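Below are two complexes that have chain A in common, paired first with chain B and then with chain C.
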Partner chain A sequence: MTDVESKKDLQIDEAEKLLPLVLEIIPGHAAEGLIDIYEPGSYAAKSLRKLCNRTLSKKNLTLEEQLIAEDVARQLEGGKLLCRGQEIEGTALEFAVSEQTEAGEKYLYVPIRAIKPQEGGACPDYD
Partner chain B sequence: MRTSRLDRQLRIEGWNQPALEKAKVGVVGDDDLLASLYVMSASALGINHVVVLAPVLNPILVEIARKLNLRFTLTHVEGFYTHPVMAELFKGCNIIVDLSHYGLANKLLLETGFQKNIPIIRGFCYQNHDAQGFRVFSYLRGREWQELEQIISACHLPNGHFDDGVLDTIITGIVLEETKNLLMGQDVSDDLISYTRKQLNTPNDQPKILVVGSGALGIFVGLGLAYSKFQNITFMDPDVIEVTNLNRQVLFYDAIGSNKAEILSERLNSLFNMDNKAQIAYFDKATDITSYDAVFDCVDNFESRLALSEKCKEQGKILISGGTSADAGQIVIFDPMKNGATPAELLGLYDIVEKRNPETYQRERAACLYRPDPSVIMTNQITAGFMVDSYRMLLDGQKPGNIFYDSTNNTRF
Partner chain C sequence: MWQLLNSDMEFLVESDFIYLPLLLDPEIEKEVQALFRPGKPMENSGHPESKTIIAHQDRQFVKALNIHSVLENYETINAYDYKRQRKEFLRKYQLTREVDGILLDDTLKTILFQVMPYFVRKNRGLQRKKLRDEEILDLVGEKIDIPGKYYKEAKTFRDVEPLKAILKGLENQKPIFKSPGNGLLSAHQLRDWFHEAVHAKILASEHDRLTKALQIRLQFSQAKPEHAATLLYIADTGSMEMDGFGFTRKNAYKGEYFVYKRIGEYVLKDYSARSYLFPDCRVALSTYTPFRPFVMEKYKHPFLLRHKSGQEICMKHFAPPHEFTAENAIRILEEGLTALRYGYDARRRNGYHSLERTWVYIPTIDFEDYRI
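Presenting the complex of A and B:
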C-alpha cells in the first residue's frame, strides 16, 4: 500500500529541502516512468504541476522514453496526473519522500501517476 | 444461453474461454468462506471443473455456483491436506489454488507444485498483532524465491484462524485473475501481492447506507456490507437484469427481467436476515439523501458519478466511489470531515462529461453506436471489497487512501 499514504504523513525536514528532486511520471501502474531530476533550489518555488508539464514537454527523448511518453499521453486522454491518489496541487516538497541510492546518496522522490478513470457500462464504438 | 451469459467477457481482446472451460482446477480450503467464494466466482467465470479439499463449503455459495453455470461440476472431498498422498486428488488439475491457513498444507502443496510442475496460486488473509491483511502469490517451478517464506501460515496444523468476508472477496478476485492468466497463458504477477491495515474494531452503531447501482459492484458491496454485519442498506437502481449480466452479477441467476435493486435487496435480506430496502430510480440531483450516513457509488457512468459527488459534498455525506473496467478499478473516498476533493473533482469527470456533447452522446447510445464495455467478475469483486474495507476503516478512525487497481501491474495497487 505504498501509493495510498496521505500527504500529511510525509514529512520533509529542513535539511532535506536541499536535496535533489527526482520526479517520475508513470503511465497507470507501470513499473517505470519518465524521469526528471531537479537540482536543489530549482524546484522549491515551483508548483508540482508546472514541474510535471516541463517533464511532459521534454524533447529529445530516447526510444524507451518515447514509448513511455506515448503511454502517459494515452492515459491522459480523459485521465489525470495524481500523486499517491491525490491531486497534485501544491509544491513538490509537499509530496516528496526521502530516499537514497545504494551508494548512500540521498534524494527526494515524487512519483506521479497518469491515471484514467474507469467508467464501466458502455463506450463509444468507433470500429 | 451460455454465449449470452458470457458475452461481456468474450468481448475482451485475446480472451480464451475454451481454456477456462476445459481446465480442471484443484482448491484446498479451510472451514471459512474463502474456498466457497472462489468456487462461486470460478463458476461465474465459466470454469467448469473444480475439485475442492476442505472440511466444509458454504452451501448457499455452492448452490449459486451450480445455478449460474449449468456445466459446472464440483467434486468436494471433506478433509484437510495433511499428507502427500492427498496430491492424488488433484491428478489432472492444471492449477492448484491454496486458500488454506495451515502451514503443513502450504508446504505439501509447494512440494507437489515443484515435483509435478503444477502452478500453485496461494491466497489467504491474516492477522498479526494489530495488523490485518492478505497476501497472494503465484508459485511456478523456478520461483523458489524468498517470498515463499511469507506465504506459509505460522500455524502448522488446522486451527482457529482470522477470517474476514470482505478481505476474502478481494483475495478471491485476485486469485481468480491469476487462475485465468495461467489458464490463458498470460503473465502472472511475480511479486507478492500484499495488503495491510490496522485491525478494525466492531462499530457500535448501525449506519444508514445508500448503495447506488445494483450491478456487479453493488452486489459485491452488498455482500461485503452483509459480511461486515451492517443491517440497514437501501439499494437504488432503475435497471432490469439481463442475461449478459450473469458472468459477474452472481445473485441474479434466476431473475432475468426483474429489477436489480429489488432482487439484490430481497436476496441479502433472506441470506443474512437484514433489513434492506430497494428504490427503483435513477440517482439525480433531486434524489433525497438526507436520511443516509454514507453513500456507495456503484454506478456505471460518469454523469451519475458526478451527480453523486455534488450531492454528497452539498449534504456532507461520506461517499465511497468505485469504478471498474475489465482489467482495472478505482476507489475514491470523499470524507466531508476532511473537505478534500470529491471523486468527480479528483478524477476530472467535469472535463470528460463536458467534452461529451449530450445530444451526440444520447443519439449514439440510442443508435446502438455504443457497445457494452467488456466486464468480468474479478475487478468488480476486488473494487467492491476495497470500497467496503475503506468504509470500515473510516468508521474505525483510520485513514483509507484512494486505491487505483490495475490487473496488468505486478503489485496490482
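Presenting the complex of A and C:
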C-alpha cells in the first residue's frame, strides 16, 4: 500500500490501543525526525495535531534534535504536516501502525512529514 | 632508433651523446679523411665538447643522438612503451584508477558525509545522534556488500613505507638517473639503461601525485581497514545506493556526480478523486550546473513535459543556486521530490498535463495506464 492510500483504519486492534505511541515529525524527505513518546492513555483523547504541536514545542532538546527541529520549522514556513500523504485530522490512532523494537517491545508509530509545498508548473521555458 | 637498440650493435657514448658505428664505403672514407685533415676543425660548433666523428679502438663512430633529448621526448618517441611502463609503475604502488585523487575530492566528501546522512536512517531505535565520518563509513559498510578485493587493496593502500621511501629519494634531489658514462655499450646495455632512466623520469613526473597519495594514505594508515576498503570501493565504482539515496559518477565530466533520491511508489488523484499509482524514479541533481532537479529514468508526470529520461521537473518560485553545497543539494532534491509527490493539484490541474483526459487540453501524455 502506498503512503497516500494507507491512512485511516490501519487495523489497530483493541489491545494495541494500550501501547505507547511514538510520534516522529520528519522534515521534508529526510530519513529521521524528531521523536516523542506518549504513554498509553495519554494520547487517545487528543487530536494528532495537538500532539504534534506538543512535540514541536518541546524544550531541552539535544543538539541533534535542535537541528532537526530547525529543519522542521523551515519546512513549516508556508508548509504543512502530512501523515501518509494526508493532512493530519483526527486522532493518532487513526494513523498509527504497530511496530516493535529490536528487543521485541511493541509500540504504535505515527510518522508525520513537515512538507513545504512546491507546486511545480513553471519551467524556465514556460515562465 | 628503437630498432637499433634491439639489434646486436655496439654504441659509443661520449659527453651525453650516442655515437653510431660509421659505415665504411669509399665515399664516406673520403669525407672522414677530409674531416681529419690538419687545420680542419672537427668539433661541433654548437657543442665544442662533442666531436662529430670519434675514432675508438680502430673503429669510427658518428654522432647521432643526445641522450637527454631522447629521454625528454621519450613519451612522444615511443608512446606505447612509455604508457606501458607508467602503468606498470602505477600498479606497483596502487596508484591506478586515480583513487587518491578521488578520495581527496571535496565533492565526493560533501555527498558522502553531508548530503547522504540527511536521507538515510542512521540511528537504531529512537535515539537521534549526529554521526561522525567514521561512523558513516561503518554504516555504509553494514549496508553495502563491499567485495573482498577492496579489503586486499586496502592493505596495500595503507602501507605508506614504499611511497615514503620514493618521495624521500626525490626530495633529497638525487639525480633522477645516472648517466651511462663514456665508452662502448652493447645495444642490450643501452636498452637497459634507457629502461631505468625512463622509469626514473616517470617517478619524477608523478612527484605531485605521490605527495598527495602519501598525504591521504597517512590518514588511512590510522583508519580501520574496513573504512579504507569502503572508500576504495566508492572511489573505484564511483557510485553507491543506500536507503534509496545514491550517487553515480558522470562519465563525461571528471569528478562530477549525479546525486539522487528514490521517490518510491506514490499515488496522485485526479479531479474526480480517482487514484493513479506512479512508479518509483530517481529524482536527481548534477554536481555540475545547472543545479535543477530532474528525473533520471524515462518517466511521465504532469510536471514533466515529455515521456523520456533526464527531464527537468517543472518548478514554481525555484531559484537554482549558483554553487554545489550540501545544503543546496538537499534543498534541490527535496523540492523535486515534493513537486512530484505533493505538488499536483487535481482541482487546478497545474503542470504540463492533467491526470485525466480532458476536452480542453490537447492530449499529449496519457496517465490511464497508472489508474488504480
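The rule we apply is simple: the second predicted complex is superposed on the first by the 113 of 127 C-alpha atoms of A that agree within 3 Å, B and C clash if a C-alpha of one lies under 4 Å from a C-alpha of the other, contacts with A are read in each partner's own complex, and residues count from 1 in each chain.
We adopt the following convention: a contact is a pair of C-beta atoms (placed from the backbone, for glycine too) under 8 Å apart; a residue touches a chain by one contact, two chains touch by 3 or more.
This structure is a prediction, so every number in the text was calculated from the model and none was measured.
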By the touch definition at the top of the document, which applies to A:117: first (chain B), second (chain C), both, or neither? both
Touched partner set for A:64, first chain B, second chain C, both or neither: second
First (chain B), second (chain C), both or neither touched by A:22: second
By the touch definition at the top of the document, which applies to A:78: first (chain B), second (chain C), both, or neither? first
Give one of first, second, both or neither to describe whether A:90 is in contact with chain B, with chain C, with both, or with none. neither
According to the stated criteria, A:31 is in contact with first (chain B), second (chain C), both, or neither; which is it? both
By the touch definition above, which chain A residues appear in both interfaces, chain B in one complex and chain C in the other? 3-5, 28-31, 82, 85, 115, 117-124
Can you check the complex and tell me which residues of chain B touch chain A? 195-197, 215, 217, 299-302, 305, 323-325, 328-330, 332, 340-341, 345-349, 351-352, 364-365, 369-373, 375, 399-404, 406, 408-413
In the complex, chain A touches chain B at residues 1, 3-6, 28-31, 78-80, 82, 84-87, 113, 115, 117-125
For chain A, which residues count as touching chain C in their complex? 2-5, 22, 28-32, 34-35, 37, 62-65, 67-68, 82, 85, 101-102, 115-124, 126
Quick check on the complex: what are the chain C residues that touch chain A? 118-126, 128-130, 243, 261, 264-269, 275, 277, 302-303, 305, 312-318, 330, 333-345, 350-352
